[in-house]
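Across the two complexes that follow, subunit A remains constant while its partner is subunit B and subsequently subunit C.
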Partner chain A sequence: MNSAQIEIQLIASLVAIACAIPGTFLVLRKMAMISDAISHSILPGIVVGFFITQDLNSPLLILLAAFTGIITVVLVEYIQKTGLVKEDTAIGLVFPALFSIGVILIAKNANDVHLDVDAVLLGELAFAPFDRLFIEGTDVGPKSLWIIGSILLITITLLLAFFKELKLSTFDKGLAASLGFSPVIIHYGLMSVASVTTVGAFDAVGAILVVALMIAPAATAYLLTTDLKKMLSLAIGFGVLSAISGYWFAHWLDASIAGSITTMLGFIFLIVFLFAPSKGIIAVMYREKQQRTEVSLLTFLLHLKNHTEERERHVNHLQEHINWQKVRAKTVLDLAQKNNMITMNKNIVSLTNKGDTFTSKAIDYIITNEDAQIEDMKEDFFLFRG
Partner chain B sequence: MKEQSQNKKTPNYSGVLAVKVDDLTVAYNYKPVLWDIDLEIPEGVLMAIVGPNGAGKSTLIKSILGILKPIAGSVSIYGKPYNKQRKLVAYVPQKGSVDWDFPTTALDVVMMGTYGSLGWIKRPKQKEKKAALEALEKVGMLAFKSRQISQLSGGQQQRIFLARALVQNASIYFMDEPFQGVDATTEIAIINILKELRKAGKTVIVVHHDLQTVPEYFDWVTFLNVKKIATGPVKDIFNDDNLTKTYGINYKVSIQE
Partner chain C sequence: MDITEYFKLVFSDYTLRTITLGTAILGAVTGMLGSFAVLRKQSLLGDAISHAALPGIAIAFLITGAKDTNTLLIGALVSGLIGTFWIRGIITKTHLKSDTALGLILSLFFGFGMLLLTFIQKQPNANQAGLDKYLFGQAATLVESDVWLMAIVTGVCLLVLLLFWKEFKILLFDADYTKTLGFNTKFIDVLITSFIVLAIVLGLQTVGVVLMSAMLLAPAAAARQWTNSLSTMVFLAAVFGAFSGVFGTAISASQNNLSTGPVIVLVAAVFVVFSFIFSPSRGLLFKQIRFIKNRRDLELHKTLSFMYHIAETHENTSHPHAIKLLNNFQGFTKKTLQKLVEKNYATIDGSKWSLTDLGFKTAKNLYNKQETKNE
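Up next, the complex of A and B:
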C-alpha cells in the first residue's frame, strides 16, 4: 500500500464514521429522506461559496453550504405545516428546486469553476490525496482529511455531550418538551450536524454516497440490535467496513471508489437483511413457520382434550378429520411427542398430564390475553412471544 | 430541601391550588379546540378529565405542560408559570405517541424520567439507576428491566410509562389515557398506584374514557367539550345533567352506588 492509498482509505473511513452518527438518529427519527434532500440542496450553497472564497475546502464555504441544508429543512417543514402537501411531497419539491439552481449556476460559470455535475454526484475520492494542506510550507496531509477530521471531532464531542438529549427527544418528543429539553433546538442541532457533515464529505465522496453512508449503515445496524449505543457502534463499524472493502473492490475492478463503497454498503445490508438473527427475513419466515406449526399443535391438543372416544383419537382419523396433509400431521405429532404432551398406543393418541395442563393454560391465555401466567411457556413456544 | 417541603403539603383539599388555568384558548389552524377554559385543580385530588372524542382533553394537558402553545390564556402550577415549576410535574403521554420499536430497554425508558432533574449534558449515574429500579419494582416490572420495549405487551408498556413518571418524584402527575388498551390486571395495578399517589398528597390528573369507572376510581372530575362544562367533586357533579351537557345525548348514570 502506498501513502495515497492509505490516505484515501483513511478519508473514506472518517467520512463513514462522521455520516453514521447523525445517520443513526435520522433513521430512528424516520427522516432518512431528509439527508437525501440536504445532500442535493447544498449544491447552490457550495457554488455560491466557491464564488466568494475560490476554495472548495474553505470553512466559510462549508458553513454557507451547510446553511443551505438548514434552509432546506426549514422550507420542507414550512410547506408541510401548511397541510396542503405531505412531508415526502414537500421534500420532493424543495430539493430539486435548490439543486437545479446549483446546476444552472455551475453551467453558467463553467469556465471559471472547477466543479462539474459528475464530481458533485459521485465525488472524486481518488484525487483527494493530491489536494494537500501546507502549514508554513510543510505538507501535513490531504485537505479533505483535515476537514472531515475536524467535522468528525465536533460530531463526536456533540454526541458525547448531548447523547441523553438526542435519545430522549428521538424517542419521546413530548416528554423532552415537558422536561425542558426543547425538541426544536435538538432537531435543528442534529440537522446542522447532518448538513455540515454532508458538505464536508461531499467533495470527497459526492452527494449520492453521502446519503448511502448516512442511511445504509444505520439501517443495517437497526436490524441487529435493540440497544442504541450498540446500534451507533455497529453503524460506524459497517460504514468503515464498507469504506475499506469498497476501496479495494474499486482497486480490483479499476472502477469508481464511491460507486464501489456504495455497492459494499448495499451488499452488507442485503446480507444482514437476509440473515439477521431475529429481524432478518429468513428468521422471520422461520418464526412464522414455527408459529403455524404451533397453532396446529394447539388445535390438535384441543381436539384430543375435547374427544375422549378412541375413534376420534386414531392417527388416521386425525389426518382425515382435521384435514391435514401427512407431512403436517407428522410434524405436529412429532412436536407433541417430543414435548411429552401425548402418548401413542397402537396409533391411538392420548394426552399426557403435561399436555392437558399445557392446553388449558394456552387456551386460558388466548381467551384472557393475560401475560403473567405464561411467561414460562414463552421459552418453549414462539406462539406466545408476542 | 425546597422540593421536600413542597412534597409534604397537607393532602386532600388543603385549599392550595395545584393547577390554575385562566382563559385558555387553543386552536389548530384557527379552529378552536379549547375555548376560554378556566380551571382550578386543588392539591391532592385524583381527577378525571372526561369528554367525547375531539373535546380537547389531551390538548388541555399538553397546553398546561407547554407542549402546545395556546393563542390566549395562562397556566400556573402552584402559582408560578410551568417553565419555572417543571420539576414538580410528571407527564405520562398516550402510549401511541412513541415508537415502541426504538432500540432501548424498559429500564432505560424509566431512566428518562430522571433527565429533567439532571438538566442538560449531565449523565444519569448510579443514583438515577437506583431510582429507576425502584420505580420499576413499584409497577411490578422489575423482572422486565432488560427487555427491549417492543417485546412488552400493551399493559406492560403502560406500566413502564407510569414508572417513568414515578421516578420524577413530582407533585402533580398528568396522564393521557393510561388505561387505553391495557388488560384488567394492569388497570387495577395502575389505579392502585394512582390512589397511593393521592394518599401521599400528590395531585393526579387523568384523561379518562370509561365513564363507568369514574366514581370508583376518582374523587374529582372535569367535564370538557371544547368548553369547560363543569368541574368539582365526583359525588356532587357526576350526574346525568352534566353528562348530557358534555356528550350531547341523554345520559343515564347507570352505576350502582
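Up next, the complex of A and C:
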C-alpha cells in the first residue's frame, strides 16, 4: 500500500462517516428522498459557484452549493404547502428542474468550465490525492481530505451538542415543540448539514453515490437495531467497511471506486435484508408462516371447543369441514399434540384441560386485547408476540 | 438556426422529424402513465426505476457485446422490474419506509451500474463507447426504428388502458373496495407498474436516467391542476407531455450546445409552474383572488353589523350618524361604504350615513340566516 492508496481509503472512510450521521436521521425522519433531491439540485449551485471562484475546492463554492440544497428543501416544502401536489411529487418536480438548469449552464459554458456533469455525478476518488493543499509551501495532504475532515468535525460537534434535541424531534415532534425545542430549526439544521456534506463529498464520490452512503448504511443498521446510538455506530461501521472493501474491490476490478463502494453497500444491505435476526426477510417469512399455522391451530381448537358431537370431531371430518389441505391439517394436529392441547382416541379429537384453558385465554385476549391474559404464552407462540 | 427555420425543417429534415416525433410520442406516453404514478403517490418510483435500469443496460451489453438498442432496453426493463419488486419487498416485509426503500434501491442500483460501466470502459472492446449516453440521454441518436418502437408501445399502452380503464380507476381511488368486489388487485397493480417501468425504459435513450422521472411527473402534475376527472387528466397529461417534447426539441435544436433532455424537462417545468399559478380552480393566483374577495365580503359584513348595532339604539333606524363614528372600526374603508350604498343597504348624505330598511333587515339576519350567501 502506498501513501496515495492510504489517503484514498482515508478520504472514503471519512466521507462514509460524514454521510452516515445525517443519513441515519434522514432515514428515521422518513426524508431519505430529500437527500436524493439535494444531491441533484446542488449542481447549479456548484456551477455558479465555480464561475465565481474558479476553484472546485473553495469553501465559498461549497457554501453556495449547499445553499442551493437548502433552497431545494424550501421549494419542496413550499409546493407541498400549497396543497396542489403531494410531497413526493413536489420532490420529483423540483430537483430535475434544478438539475436541468445545472446541466444547461455547464453545456452553455463548456469552454470556460473545466467541469463536466459526469464528474459531478460520479466523482473520481482516484484523483483525490493529487490535488494537494499547500500551507506556506509545505504539503499538508490532499485538499479533499481537509474539506471532508472539517465537515465531519462540524457534523460530529453538532451531533454531540444537539443529540438530545435531534433524538426528541425525530421521534416525537409534538413533545419537542411543547418542550421548547423548535423542530423547524432542527429540521433546517439537519438539512444544512446534509447539504454541506453532500457538496463536500460530491467531488470524491459523486453526488448520486453520496445518497447511497447516506441511506444504505442507515437502512442496514435500522434492520438490526432500534436503538438510536447503536444504529448510528452500526451505520458508521457499515459505511467504513464498505468504503475500504469497496476500494480494494475497485482496485482488483480496475473500475470506478465510487461505484464499487456502492456495490459493497448494496451487498451488505442484501445480506442483512435476507438474514437479519428478527427483521430480515427470512425471519419475517418464517414468522408469518408460523403465525399462519398458529391461527389455524386456534381456529381448530375453537372448533373442538364448540362441538361436543363425535361426528364433528373426527379427523377426516375436520379436513373437509375447515377446508384444509392434508399437509396443513397434519401440521396443525402435530403442533396441537406436541403442546398437549388435544388427545386422539380412535381418530376422534378432544381437547385436554390445557387446551381448553388455552383456548379460553386466547379468546379473552382477542376480545379484550389485554396483554395480561397471554403473558405466559408469548414464549411459545409467535402469534402473541405483538 | 432559429425557431422558424426549425419548423420549416421539421417536415423536410429526416433527423429533426424523427427526433421531434420521438420526443412527442415519448412525452405523450409518459404523461399518460405518469398520471397514474402521481395519483398513486408513487411519484418517486419513476426516479428509482430509471436509476435501477442502468445496471441492466450494462449487463445486457456485457452479455451480448453489442450495442443494439432493443437488447439494451430489455436489459433495462428487467433490471427496472427487479428494482421495483425489491422496493415492494422492502416496504411490505420490513419496517423500512417507502422513501428509504426508494432511495436505497435507486442509489445502490445506480452505483452498481456505474461500476459495470467503468468496468466495461476498461475492456478491450471498441464497441463500448456511447453507453454513457443513457445517463443523460441523447435525443439525437434516435432513429426511425426507435420511434416505431415507441409508437407501438404507446399503442399497446393505450389499448391496455382502455381495456382495463375501469379496473385502473377503481384501484386508484379505493383499493380496498376493489378487493372486496373480487378484482385481482395484485394483477392490476403489477400491470400498471410494469407499464410505468416500460415507459421509463423507453425514455432512457432520449432523456436519460437522471431526468426521466421529471418526464413522468411534470405533465401529470400540470394536468392535475386543471381537472378533477381522471380521463381528462390522462388526456391533458399526454398533451402536455407531447408539447414539452416538441418545444424542448425545437429549443434545443435552435441553439448550440443544448442537450435535448434537460430542455424538455425545463419546458415541462414551465407547464407545471404555469398550471400551478393560473389554473382556475386550484391555481395559486385565483386562490389568492378568492381569498381577497372573501376577506372583503367579511369586512363588508363587519361594517354592516357595526352600523346595525349603532342604528339599533335609535328608535328610527334610518337616523343619520357621522361617518367618523366608523373610523375606529377595522372593517371600514371608503370602498366598503361605497359598496353598501351600491347594494342599497345604506345611504350617505354628506358626512352622515344612515341604514336603509333593507340594510337594517339584512344586518339583523346576518348571523341567523344564510341570506347573504350569494353575494
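The definition used in the following text is that the second predicted complex is superposed on the first by the 360 of 386 C-alpha atoms of A that agree within 3 Å, B and C clash if a C-alpha of one lies under 4 Å from a C-alpha of the other, contacts with A are read in each partner's own complex, and residues count from 1 in each chain.
Just so it is clear, contacts are C-beta pairs under 8 Å (C-beta built on N, C-alpha and C of every residue); 3 or more make two chains touch, one makes a residue touch a chain.
In this text, all values refer to a predicted model and were calculated from it rather than measured experimentally.
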item: Contacts of A:179 with subunit B and subunit C, given as first, second, both or neither; value: first
item: Touching partner for A:88 - first (subunit B), second (subunit C), both, neither; value: second
item: More subunit A residues in contact - subunit B or subunit C; value: C
item: Partner chain in contact with A:16 - subunit B first, subunit C second, else both or neither; value: neither
item: Touched partner set for A:8, first subunit B, second subunit C, both or neither; value: neither
item: Which superposed partner A:190 touches (first subunit B, second subunit C, both, neither); value: neither
item: Partner chain in contact with A:167 - subunit B first, subunit C second, else both or neither; value: first
item: Which superposed partner A:231 touches (first subunit B, second subunit C, both, neither); value: first
item: Partner chain(s) touched by A:222 [first = subunit B, second = subunit C, both, neither]; value: both
item: Subunit A residues contacted in one complex by subunit B, in the other by subunit C; value: 30, 222
item: Residues of subunit A touching subunit B in the complex; value: 28, 30, 83, 161-165, 167-168, 170-172, 174-175, 177-181, 222, 225-228, 230-231, 368-372, 385-386
item: Subunit C to subunit A touching residues, read off their complex; value: 38, 41-44, 46-47, 51, 89-90, 93-97, 99-104, 106-119, 122, 132, 135-136, 210-211, 213-214, 216-218, 221, 224-225, 257-259, 261-263, 265-266, 269, 272, 276, 282, 284
item: Touch list for subunit B against partner subunit A, complex; value: 29, 62, 65-67, 83, 86, 89, 91, 93, 97-99, 102-105, 109, 112, 115-116, 118-124, 148, 150-151, 153, 155-156, 164, 183, 185
item: For the subunit A and subunit C complex, residues of the former touching the latter; value: 27, 30-33, 35-36, 40, 79, 82, 84-86, 88-89, 91-93, 96-97, 99-101, 103-104, 107-108, 110, 117-118, 121-122, 206, 208-209, 211-212, 214-216, 218-219, 222-223, 250, 253-256, 258-263, 265-266, 269, 273, 279-281, 284-285
